[in-house]
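What follows are several structures.
Consider the two complexes below, in which chain A is the common component and chain B and chain C are the respective partners.
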Partner chain A sequence: MGQHNIMVKICVGTACFVQGGADLLLYEDFLDPSLLRICTIEGTSCLHCCKTDDQQLRAPFVEINGVVHANVTPKRLIELLREAQHA
Partner chain B sequence: MNEIFIDVDYNQTYKAGQKISGDVFLQSRDPVSQQIVCTLSDGLGSGVKANVLANLTANMAHKLSFSPMHLTKSAKIIMNTLPVCNERKISYSTFTIADIRPNLDKTVTVQLIEYDNPRVLHFSHSAVIDIVAQEIELHREGAFKHEIIRQSTFSMAQGGRLIMFTDGVTQSGMGRSLPLGWRQAGVVEFITNILQKDPHISSRELAELITRKASTLDGLAAKDDITCAVIYVRKPRKTLIVTGPPFTKERDAQLGERMRNFDGKKIVSGGTTAQIVARLFQTKVKVDLSCWSPQVPPASKMAGIDLVTEGMLTLGKVATALENKTSIYAMPDDAVRRFVMLLLDSDHVSFIVGTKINEAHQDPSIPVEIGIRRTIVGRVRQALEQNYLKETVLEYI
Partner chain C sequence: MLELNNQYTVMKRRIDAEVLRALFAGNLTQTVDSIPIKIIPREREANRCCIYKERAMVRYRIMALLGVDIGHDDDECKSLRAYAQEALAVPPVTLPTLTTITPGCSGCPDDQYRITESCRGCFARPCAVNCPKDAIVFVNGRAQIVEERCIACGKCVDVCPFNSVIHIQVPCEAACPVGAISKNEQGYVEIDQDLCINCGHCALSCPFGAIAERSSLIHVAQLLQEKEEVIALIAPAIEGQFPGNLSQIIAGLKALGFFDVVEVARGAHVTALHEAQEVQQRIVEGKGFMTTSCCPAYMELVDKHVPSLADRRSSALSPMAYTAQNIIRSRPSAKLVFIGPCIAKKVEALPIPSIYAVITFAELAALFVARDVDVNQQPSTLLVNTHEFEDCRDFASTGGVAAAVLRRLEQPVAVLPINGIDKKGVRLMRAWEKRPPEADLVEVMCCEGGCLSGPGILVHPKLAKRLRQGTNVAKVGAVRGDLKKHA
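Here is the complex of A and B:
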């Protein structure tokens, strides 16, 4: 059985916004309406994940149901939400 | 900071079909004496030729008003210097100069010089006050008409306004809804009504309402350049901008105390700063996804704070908008626009700048616009002081 309320927090801190976060805020343009219906999407101030030396963990960051994901592109966001939906 | 503030702003609508105005308004403030000089000139005709005439006149009048030279001598120099119109074979341009100097007793002394523009209006709150002027005839050699200059000196207290405009305002609607145009009496009635309804209206808004009304009377296709400038003596409107976390955590409480005691509007610029302020004020930050543009991250909401924005990117765009004097009507409804609107409606702007470095901003892949906070704040201050005659103070924490 799929999940019916996915909590999504898109980081709108400076580092995230300038490195792809602005594209994620256009979620209504690229997310399937069926997926949009089951998501509660909001912006959040800095998640403090950008202050790391780990080169793998790069902005923008998105928190989905309490788990923070790095390097999120619109395509990756769709994949992550599909995974969350079927989790 | 002074206990009075002189709010100067103007609005302009070009004659229909023109891409440049034949009316020119100049303003400047002496940073030491706080003397303000405003000059309005209407050049003969319209378009580029009128603009050149008006610009020459306004600039000469402006510069000469700072010199010790006698007024009649200055006026003669201006008129002798203006080029002769190829069509009308005369050299002509109008001007109004207001020289405003603050006094120690919360009043200002105004010296007004008027040449052929519609009479300047003096309001105390919503009541119009007669300006008693001395008329001086120039007797200039080669003059094609009687050249009479009106000179007056008077004082204004808090709540006083000077409103100057070109004939594009008084003659608007002529031949359409009004046989002789809006006329001075119509303008006075219009302004009185506005001031009765909104006694604290800013100079920017009042000037805009007047030019918009004149343009409407002309059927939204102005018959002449329409310009109105307002000078308003008022209690300063204060705004506090807090940006950047304090250098040490111990200073957070000091920041909270300063914010609590501040009597005016408050802007918090910066995600981490907003989180600190929210903790100090025991409230929450809520990102407002209805207010953003691809260039600027969304604004947020916080109880007790008038505007919460992202930091460096937003401040950088605010600095650019103020430097370029970008119209708020040309901006998308994002955090920068709201920020600029609050600043334009303020007279005194205080900055409290946190000096802690944000490690995330040191990443070389971050765009160069994310500069150094102190530099960006310096640009905002300079633009506020030079382009908008605002008073600013800065403090690092």
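Here is the complex of A and C:
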């Protein structure tokens, strides 16, 4: 049995938004309806992850079930949600 | 055209923000030479041949940001520090707007049709049958194109049941509507400035980032720092480019240090009124169709390539010009910065002395990031006294200009929207001299979809449209307060 409610918070702080995060807001277009149904998607103000200097941890950030992920592209978001679904 | 948020554009925004951060910290000249290394650290897995080439490209990007005409003034022995010092000492320079980065250019193979391995040498041979020039022969049971005879019509691509024919394009050349970009003798990209209309389509389509626009961003940043009376003129397309409603974007701009922010839609109202009057007049006088005049790339297109349309253009000034005029009347010493999605606007602004610089939404984004201004955290307020020009915010999308003109007319007129200009579109416009379009008002947008798809945008036009309508984002909770058009 997979997860039935995945909490997704897409960061819409300026840093995330301009580094590709805006594309994530088209989620209705690129997420499978079956995935969409089990996700509660919200926007969130800056998660304060953009302030670090770590090269690996780059905007845009998305929080999924309380865990923050970096470098999230639409493709990556689909993967992450699939993983969360089967976790 | 490439996806909007590709690796290259995201990298570009990062570099812009990094440079601005250094500027605001007061140590740009001291640190600028280390920025390429900071952005491309040794551990990075290179996407170009190696990290050193990537660093070199970051260096070029910074040069473009400093306004250097890289195609002509590329001095490899000169430090970025020296470039920065020079740039900051003079006002922003604009022409030529687009510059080429030869080391970045991959020298793509010429435009051609090629038959691939997957050709099965079938019996029906639709490629050969449909080729108007008999340019397809069969060798060892496989089709081959005789280059001397091929006229690049593309028929074979359409008819091959195996999709075996491919069209290899040079992305920049394919994107240029006026043939201004080509390869020089060495095989690298070059722009013919006498032909270029500054639409920016080439820069958007080059996957190597070998075409850059010269920026005025650091000059604007410097001005803001000096706390001068800098006024932002925001293009109608700005709504939907940042995570917040229009009032929040305006508040964000003020947080950056802009003394005041004026919507260019105000001037658009004047443009629309003028065009309404003019088109009516022309109908009465039997003068035939009139085109709009607000798209600066179209204005250059007519000047440089379609002189037969010169008298067809409305005599109305652009929304930017009217807005600037209006502001300067009450604040003669203000310095105006136009913020829009357009590169050609830089050329249009040149003869208007009150306009200090033109920057794009993508560049504004770097200012927000460097200054840690979160647009969606800004207070949302009700914008007042906007009633008169509110509908002109739609100047940003195809059909919006004509609609605004129509709303200011008593009798409707026939409208023809030109939604984006490519090579075919230019041919069509040339033909209007002999066969005029069946319309009274021709609305011309050089970018498909209108300014919302301009070369300086930040947000996918599809999303921008939704944000402008107040859908999607409200659900995502990005915006507090009213997001609907301010009624």
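The rule is simple: the second predicted complex is superposed on the first by the 87 of 87 C-alpha atoms of A that agree within 3 Å, B and C clash if a C-alpha of one lies under 4 Å from a C-alpha of the other, contacts with A are read in each partner's own complex, and residues count from 1 in each chain.
The rule we apply is simple: contacts are C-beta pairs under 8 Å (C-beta built on N, C-alpha and C of every residue); 3 or more make two chains touch, one makes a residue touch a chain.
The structure displayed is predicted, hence computed values, not measured ones.
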Once the structures are superposed on A, label A:Ala87 by its partner contacts, choosing first (chain B), second (chain C), both or neither.
neither
According to the stated criteria, A:Gly43 is in contact with first (chain B), second (chain C), both, or neither; which is it?
both
Does chain B (first) or chain C (second) touch A:Met7, or do both, or does neither?
neither
In the overlay, answer first, second, both or neither for which of chain B and chain C A:Gly20 touches.
second
Which superposed partner A:Glu28 touches (first chain B, second chain C, both, neither):
second
Taking the stated contact definition, name every residue in chain A that is touched by chain B in one complex and by chain C in the other, in rising order.
12-15, 17-19, 22, 25, 41-46
With touch defined as at the start, can you tell me which chain B residues reach chain A in the complex?
271-272, 274-275, 285, 287-289, 292, 294-295, 297-298, 300, 310-313, 358-361, 363, 365-367, 369-370
Listed in rising order, the residues of chain A that touch chain C in the complex are 10, 12-15, 17-20, 22-23, 25-26, 28-29, 41-46, 55
List of chain C residues in touch with chain A within their complex:
4-5, 10, 13-14, 41, 43-44, 242-243, 362, 365-366, 368-369, 373-377, 458-460, 462-463, 472-473, 476-478
Under the stated contact criterion, what part of chain A meets chain B in this complex?
12-15, 17-19, 21-22, 25, 41-46, 50-51, 59
